[in-house]
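One chain, chain A, appears in both complexes that follow, with chain B as partner in the first and chain C in the second.
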Partner chain A sequence: MIAANNTSYLALIKPGWKFGALLVLSIALYLINSWTVLLSIFIVSVVLLLTARVNFKQIRLPLISLAVILSVVFILLGIQTDWLNALRSVLRLLTMCLLAYSVSLTTKFEAMLELFQQVASPVRFVGGNPAQIALALSMTIRFIPELKKVYVEVREAQHARGLANNPLAVTVPLVIRSLRIADETAEALDARGYDSEPAAFRR
Partner chain B sequence: MELPSIHLENVSVRYGDRDVLKDINISLNEQRIGVIGANGAGKSTLSRLLNGLVLPTEGSVRIGDLTTSQHAKQIRRQVGFVFQNPANQIIMPIVSDDIAFGLKNLSLPKAERTQRVNETLHELNISHLADRESHTLSGGEQQMVALASVLAMRPETIIFDEPTTMLDLRNRLAFQHEISKLSQRAIVVTHDLEILEDFERVLVITDGTVAFDGQPADAIAHYRQWSHA
Partner chain C sequence: MSRNPSSSQTKNTVYIAVFAAMIAAMGLMPPITLGIIPVPITLQTLGVMLAGALLGPWRGAMASLVVVVLAVAGLPLLSGGRGGLAVLLGPTGGYLVGWVFGSLVIGALFKYWVLRRTGNTARFLAGLASVIIGGIGVIYLCGVPWTSVATGIDFGTSLVGSAAFLPGDLFKAVVTTLVALTVHRSYRGLMS
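Right, the complex of A and B next:
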């Protein structure tokens, strides 16, 4: 989940601190066994999300999906182990997800990429290029909805031709159209001055 | 604004055994230039030659003192390109980040990037789209964002490859209006003949050659005649 502009107090905190805190808290949640403490932290995470000035329309659907998944987890764990243990597990997962939403929805995507580039900077020592990895990551996020759109179009076209349940009939045009998108996007990258040549090889 | 001349000298482009463009010799100095022709005639290849996305198999393409075969990177800073399908041109998930992408490639400082992004969005009256996720934009909005991402880089020439093909009438008119306002040179490859009415010069490309070169009305008449033949 990405956000462009958030004006809450959480947006003022540096991304490194927020993601660091999220990591530490997520680990700490698994060291805590008291359900009352877990419940308190869960309430704090709810308060954080409610006060983070996020667009609730944007997270309504993910929250509903999360509730459904965690309900299944709660029931299965409750049957397999005991209900208190199931409650603890669900509280941990729910708290982590809400904290992650609070962090990601109050951090500009560009700032997240910059942080990712910093974290990935050691890959330089093994010949990697953090900027290229960050670009690949952002383009993955950018093009997932586009590929989904292409998939729906291809599937509709195949349905119209009576090829409703033929995975090959969907896969082949999907791959071909994806490659065409990749080709055009590569041209666009060139046209917009992106230098894909690693620094070490630049003349 | 003093615009550098574009010269194509004995330019041919070949893909395998197929001659896509054959011995093109033209100089482009006007501010509004249209390129029309049938599908597969070589229009898109011609447009891609002008900013070094395609290099000539023979001959040379010069923009001012620079040639595309030797100075493609510098030329791409001067010559922007708006593609037919804006969805494939928008690289970043957030609109303002996408417009800033090209500026980052120009190594501009962050403050200047932000200023240019805001200015360009304001110029095109799309400031309200700044924080939108790219995939949620309509076709018309995506084309405006694609134009903004090119304009922000302040090129001297902008090439449009069939920019209105995927737009409805309202968005087409809006986009046409934006093109007419540009201070830059605009070279528009199109099937939309109405766009070309106010242009200074129109090239008709047929089978990889410039079949006609002149005023829009004459060029369109020539193209219509050729299409009916």
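Right, the complex of A and C next:
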């Protein structure tokens, strides 16, 4: 989980402010061209992440893959343009990702999700339904372990038939069973009288 | 059986949630290795393509969007256990945005073009073309310029870099078309 119940000073700031600050800083980083300024912001972002008391195990693998991508970018840009330009690009991306991890790892998953739902709430003015969005998000989280189980079962069954590496033999049963789960759940929701229409729209 | 609007709305939401969970589950599983392609392929974009081809444009796009939103909010759903705000800001964020539009385009092409073809060969070719346009064309169209802007690498190099994934993606396009047409045959009215 790239989100956490953190106890540092960053966790005390409201998610909306952190998110807004990250957005503004990301845009600002692209407008700054001086490598010394970029380097100082990078150092600030490192300090921020180190003082935020985050669990580094959570981002070890993502950071390694980011480092690999960035070294490729550095070498490519260095050869194609010049090395100072390459340094600027890499500093920019690294700073942005470290800041993003500082925000993600000091914010609870629920709080982040709630923020996104607030951001999306104006959809009701164009005919969308915020209740349905909330239902879809929470239902997806509940379905992920179940679908993973189905996927493992199907793969094991096809492995027994010698078809484990045949994507068609794995995917068709997975999709059919997913559709059946969806139908059953929709029927169960109907049977329990779940009504997701907002009160204002009821006739 | 006649359905009132609210119950079909609930059904749409459940379909979106189940397919989003399927895309997520496909990313959590270890990648499948095939003899013909050297890089092991993850099935996550297969799920994105299938969501469009099976659920139609808007429900398909919503399923992809739900996965992206949950991943960005912090669930490690993307292949390799990635998640958090950094995945969107990083050099490959454009591909994630592309998923939503890719599913949308595949869904629209399937709904209004592929499923109206008659004859197996015509259907397969139309389906394959749709999945390649939406699942490769549209997704790369969002991802390649994004990488180029985020890193400063020029457009051509970024395009060449993404070509490494082309064999795997073409393979997934064929699988998606075959699966989608098989499922549509046995599960009629999925898009009506």
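Definition applied: the second predicted complex is superposed on the first by the 135 of 203 C-alpha atoms of A that agree within 3 Å, B and C clash if a C-alpha of one lies under 4 Å from a C-alpha of the other, contacts with A are read in each partner's own complex, and residues count from 1 in each chain.
By definition in this document, a residue touches a chain if its C-beta (ideal position, glycine included) is under 8 Å from a C-beta of that chain, and two chains touch if they have at least 3 such contacts.
Source: prediction; values computed, not measured.
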| said: Let me test your reading of the model: by the given contact rule, A:L77 touches which partner, first (chain B), second (chain C), both or neither? | reply: second
| request: Scan A:L66 for contacts with chain B and chain C and give back first, second, both or neither. | output: second
| query | When the two structures are overlaid on chain A, which partner does A:I176 contact: first (chain B), second (chain C), both, or neither? | reply | second
| query | Should A:I141 be classified as contacting the first partner (chain B), the second (chain C), both, or neither? | reply | both
| task | Kindly classify A:L168 by the partners it touches after superposition: chain B alone (first), chain C alone (second), both, or neither? | result | second
| query | Does chain B (first) or chain C (second) touch A:G193, or do both, or does neither? | reply | first
| query | Thinking of the overlay built on chain A, is A:I41 touched by chain B (first), by chain C (second), by both, or by neither? | reply | neither
| remark: The answer to whether chain B or chain C touches more of chain A is C
| message | Just checking: does A:N5 make contact with chain B only, chain C only, both, or neither of them? Give me first, second, both or neither. | response | first
| Between chain B and chain C, which residues of chain A are contacted by each of them? | 2, 109, 135, 139, 141, 146, 181, 185, 189-190, 194-195
| field | Interfacial residue positions of chain B with respect to chain A in the complex | value | 48, 51, 53, 73, 76-77, 80-81, 83, 85, 87-97, 100-102, 105-106, 130-135, 149-150, 153
| query | Can you list the residues on chain A that touch chain C in the complex? | reply | 1-3, 19, 22, 26, 59, 61-62, 65-66, 69-70, 73, 76-77, 80-81, 85-86, 88-89, 93, 96-97, 100-101, 103-105, 107, 109, 112-113, 116, 129, 132, 135-137, 139-141, 143-144, 146-148, 150-152, 155, 165, 167-168, 171-172, 174-176, 178-179, 181-182, 185-186, 189-190, 194-197
| Residue ranges of chain A in contact with chain B within the complex | 2, 4-5, 108-110, 135, 138-139, 141-142, 145-146, 149, 181, 184-185, 187-195
| message | Could you list, by residue number, the parts of chain C that touch chain A in their complex? | response | 6-7, 9-11, 13-22, 24-26, 28-29, 32-34, 43, 46, 50, 54, 62, 66-67, 69-70, 72-77, 80-86, 88-92, 150-154, 157, 172, 175, 178-179, 182-183, 186-187, 190
